[in-house]
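What follows is a single structure, and I will ask about it in a moment.
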Amino acid sequence: MEAKVFRVPMRSPDDVQGVAELVESGRLRAGEVRCIMGKTEGNGCVNDFSRGFSNFVLSDYFARALNISRREAEARISLIMSGGTEGAMSPHFTVFAASPGGGPAAEESGGKRLAFASGHTREFLPEEIGRMPQAEATAEMVRRLMGEAGIGDPSDLHFVQVKCPLLTAERIRGAPQRGKGVRVEDTYKSMAYSRGASALGVALAAGEVRAAQLSDEAICRDWSLASGVASTSAGIELMCNEVTVFGNSPAWGGGLLIGHSVMRDALDRDAVKAALESAGLAFGWGLSPEQRERVVNVLAKCEASPDGLIRGRRHTMLDDSDINSTRHARAVVNAVVASVVGDPMVYVSGGAEHQGPPGGGPIAVIARAS
Amino acid sequence: MEAKVFRVPMRSPDDVQGVAELVESGRLRAGEVRCIMGKTEGNGCVNDFSRGFSNFVLSDYFARALNISRREAEARISLIMSGGTEGAMSPHFTVFAASPGGGPAAEESGGKRLAFASGHTREFLPEEIGRMPQAEATAEMVRRLMGEAGIGDPSDLHFVQVKCPLLTAERIRGAPQRGKGVRVEDTYKSMAYSRGASALGVALAAGEVRAAQLSDEAICRDWSLASGVASTSAGIELMCNEVTVFGNSPAWGGGLLIGHSVMRDALDRDAVKAALESAGLAFGWGLSPEQRERVVNVLAKCEASPDGLIRGRRHTMLDDSDINSTRHARAVVNAVVASVVGDPMVYVSGGAEHQGPPGGGPIAVIARAS
Amino acid sequence: MEAKVFRVPMRSPDDVQGVAELVESGRLRAGEVRCIMGKTEGNGCVNDFSRGFSNFVLSDYFARALNISRREAEARISLIMSGGTEGAMSPHFTVFAASPGGGPAAEESGGKRLAFASGHTREFLPEEIGRMPQAEATAEMVRRLMGEAGIGDPSDLHFVQVKCPLLTAERIRGAPQRGKGVRVEDTYKSMAYSRGASALGVALAAGEVRAAQLSDEAICRDWSLASGVASTSAGIELMCNEVTVFGNSPAWGGGLLIGHSVMRDALDRDAVKAALESAGLAFGWGLSPEQRERVVNVLAKCEASPDGLIRGRRHTMLDDSDINSTRHARAVVNAVVASVVGDPMVYVSGGAEHQGPPGGGPIAVIARAS
Amino acid sequence: MEAKVFRVPMRSPDDVQGVAELVESGRLRAGEVRCIMGKTEGNGCVNDFSRGFSNFVLSDYFARALNISRREAEARISLIMSGGTEGAMSPHFTVFAASPGGGPAAEESGGKRLAFASGHTREFLPEEIGRMPQAEATAEMVRRLMGEAGIGDPSDLHFVQVKCPLLTAERIRGAPQRGKGVRVEDTYKSMAYSRGASALGVALAAGEVRAAQLSDEAICRDWSLASGVASTSAGIELMCNEVTVFGNSPAWGGGLLIGHSVMRDALDRDAVKAALESAGLAFGWGLSPEQRERVVNVLAKCEASPDGLIRGRRHTMLDDSDINSTRHARAVVNAVVASVVGDPMVYVSGGAEHQGPPGGGPIAVIARAS
């Protein structure tokens, strides 16, 4: 297998022309697309319809291209739309295709290449969301997908994208009839618990935490537990966890590599450098023009530091009733990453419970091998 | 003379305790304070009352400390409040005092030290705002203040802060009676024209443009004309230009230096490095802990690039009807600067007409000499 | 002919289930739908993607229902999506169908019934937008559509919805090559000029202004000229004016009537009463339950009064840099209308140049005849 | 005693000129001012500095006028600043003075006149906030102030304004050391609990609920318990409840009356009418010009209905991540009230836990007796 990854600019949430041109030019086969991650230009919060709009138009496009129904297209391709392109962030899609063409990478070229696999857990009961059953099912799925993708060692696992469910009033009402209450009744907060449980599931599979450390109580409470490779986001449209693992595998060919690091706070420029170097791009002050060409995309998670401080200085993100803190945080982390790689069209997503340390988050780099 | 500069955190717009503690501890004499630049945590736009609140409380404090009226305190100390602490930016005051204590810097220590001087032009007629008379009076004032501060050479001039007037409906009504219309009838846009004319006045005095290049028509139209040291902001409370020049002078002593560079876009990390090096702080990837200690503050101007692109990528700042583009831009530039100096408590102000290239802006660094 | 009008709640911008149920239940024939006016829950400003999302999903639905292409569906049905459901306003679609079933209304029942017709002008050159050619072509189209709908007398014309073009950077660039500049270079302001010229075209056809009063200069300047029946909104997706006239006609049957009045300011409760009475609903303090049932929908235009005053009191809508003034205005007018009719699911749209007096706007009521 | 009440427009949060002119003209004695309620033009949420700015400038003014310290002025005059003037709401102060001049009202004029009294409870421990001790102390204070003001009967009590404390991280940390946790750890939510407990305290004193119905558990849970006269708002600057009761008393003279009603939802126009009639202003469709002159101010509380519906229609206030729901709700209720009284300069404040039914709130009218 060979991974093909394309970063495509978007002029508006319904602009799939860039994707269409890849297909029409023959560079991308519609039938090989497995996953699309998008940064769409809504507010990234509750009433962000840019995500759904991109989803609708993308699935409509692939339904026509593959002569299947929209629903079948959605089942076939994992569509992960992350809203919010604050500051310099440039709206775009990242298209992941798995092509049978490539054989294993030649030994002399490092021997491992970008590999990925997608799958979804069983559907959860509302009372399981934000609790151990969700974490455990996620861990199990990550392990299975690592096997499928041929990512043998946790040290070769660099990014795990999880789309997880949230609670709604209707879902909450069903739970007590089965004898157990839900984890949290506030629907907005249920997103955090679902993201947190999912991230700890990834941490478990990645060997970053031990099973004995986890419990219902630890989720969204014991912040010392975290994954350096999890990227989780909650959505209303599903009741299972949809998981995509990314890593390097000796079984895959092609010319791409992935690496990662963990930002310890929103200004952690050193982690950006470390992530680039982890993907084979070593440099002093800045990337060379040739190195810049080799960067396919950077994927990062972020949040406003919950203690209200960055490097000991007070920030105002959490007290701002006009602009949501996640919007501020995305602008900051995008700017830090973009200033190092010299390109603002990188993927930064908000809400990082148990994903890196409080106020920080994982950062992965996909790059062409030299 | 000796310049003393203190950067003081602010817990809210009315928190002057940090300033009071400097005075009470004897490190700062209230009577020597000449200028205070503040980053306050409002929206930085029209209905930002955090600026006025800080102004009121600061002048109230100094009136009591110096046993004068609030009005006298405002006349004595140039108070420049810039609203908007988006992203990681941390609210703070920068207090500039001129102390008679210091003699000229010893020849062996480089021979020049941070110097500054403040003054204000005559009051303008409404029809002069955004036109050549405002530019010319500003240029004249900059030259006079350079003389006062002992900044002999334009290459020693590193930052010129100008507070300039704007047009109101009332001011506009008076103009036609004198036979000449105002430059622009839109009061919000008059802020841009006033900032632009003032910046070109600074450029003229600094030798960055020639008099023959300037005209009423060139203001806010010919963007090839710009100053790399001007930082101008419009306010409703005055009809003159209030100017403070900052540079290095052989006539001043003390331990501070200023340097500067120009960001060519909002992500220009190289310019941050160049500005730090211009102030005596040379480094490879990052500042050493000792060097960080020597940074007193960084002062930068920014704006969303008017062509909608950064590094060839589309940004969404100009189409965002929920968040003003200046708010996005401040978050970006603060993050870029903060990630390099390791501190988000730096001064970044929006609205950069004729201040650096379109989408970019001047950046100055005040640092302790080694 | 008989007009059928259905008001359908929307749970999100892509929720067309209410429309589908009307069709499936046999109450509405998909092929008879001529126009859909929607209130979608975006910000109603530049980056409002809820409008486009509803448009896409509606045209997708009708394409499938009628077995035509999405493009053909859009050509067949005038889709007018107005963003912004501030305050209590409830998102909904109003579906207008023309059914051949109904004969002329019986003489004894008043003799006239709701009639409507849609059409579009030729495409405009960029330099014609916001100028007399646009106004004149609109007037001509209104007259033609009045004829088509059998609305013989201007006093029977109660509401004219116009979707008109705006200028973009690209469109502006083309104009000088043809020897004439565009009306305004600011793309956002071009929306106001286009709305204004279109509204004056309606006023001309409705006999509210005389041709001699109109000129390029009068558009968006002489606010004494206005239409009490025009409702115009600018969109990027067309270069012609798409016009729908609504009135009462002796040639149409069915059970619906339309009436209107003009709000003189955003709080003009008396005009709401007058509009209801104009549609046959006379009352004292409030509508009776039976009368409430007869209200099909209320359609109103609004804006923040440009002089900053309502009833002599200062409002803060125009100085608010966090919330656009049109958003405030919609919340106010919807609340005033909703409090009188007892229902917040009414249509209120912002931006009312030459539509009613400054700060006010037309208000129409569609009701079932008694 | 005689109550004097003045409604004064404000041009900005620091504009106290209207108050100063009342004093200078001799219509108001600075020493007789007991309470000022302000509507200031901030966002009414966490980072609203317009409230503090008005507070600072008002206390500064009265300190100078009465030749006392700012702190003494604040202790002497209850300053209640409510942020948020969305929609048509016009910023203003309402100044309440108690003048010894007036004797009891003549029997023939109705026998009762506007009376009020202010006081504050003991300081609460953090763990008491949002629980019964806060409710009980509030009830006790209301009863005592009713006695002081000569409001003998609960039916003569029409409005009780309470300023109550909130929890901060620091306050929360202290509680466990005393063996009992705080009611809620989320500082923003503590505002709701504090408002709710205070409102139930008012309800208890007003005889609207019985002591047996109240418990820690009922606060912010059993919404069937509510006061029709309570108006409570939380602020960071105090740890006690500051209470002002307003009613009609046979012991007071002067020419003012107060009445009230309860809005059952945000569009409840009938309740506005009932409140006006309760204050002696009976009318059919609208107030006469003479009646409008008699309205001194209207005071109302509001909130977005928590079930997401108004009159059975979905509203979008609770899902709007760009504009806080309280901002939407204020725009709506102000518009409804203003459209009936013909004046947008009325007081509408958000956050109505246990103040009227869910989605509704109390509304009081102060008017000149005929």
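Worth a mention:
Labels for the chains are A, B, C and D, by order of writing; each one numbers its residues from 1.
Keep in mind that, in the parts below, a residue touches a chain if its C-beta (ideal position, glycine included) is under 8 Å from a C-beta of that chain, and two chains touch if they have at least 3 such contacts.
Note that the coordinates shown come from a computational prediction; the quantities given were computed from them, not determined experimentally.
Rotation angle relating chain C to chain D: 180°, from a CA superposition, given to the nearest 5.
Of all residue numbers seen at the chain A-chain B contact, over half occur in both copies; the interface is built from largely matching residues.
If you match contact pairs by residue number, over half of those in A-D turn up again in just one of B-D, B-C or C-D, and that pair is B-C.
By count of C-beta pairs in contact, A-C exceeds the other of the chain pairs B-C and A-C.
Centroids of chain A and chain B (each the mean of its C-alpha atoms) stand 40 Å apart. Chain C has its Cα centroid 48 Å from the Cα centroid of chain B. Centroids built from CA atoms put chain C at 43 Å from chain A. For chain B, residues touching at least two other chains, in rising order: 41, 43, 47, 316, 319, 322. Taken chain by chain, the contacts link every pair, so each chain touches all the others. Of all the residues in chain C, the ones that touch chain A in their complex are 12-14, 41-42, 47, 49-50, 52-53, 56-57, 60, 322.
Interface residues of chain B facing chain A in the complex, by the touch rule stated above, are 9, 11, 41, 43, 85-91, 266-270, 273, 284-286, 310-311, 313-317, 319, 322-323, 327-329, 331-336, 338-340, 342-345.
Against chain B, the residues of chain C that register as touching in their complex are 43, 45-48, 316, 319-322, 324.
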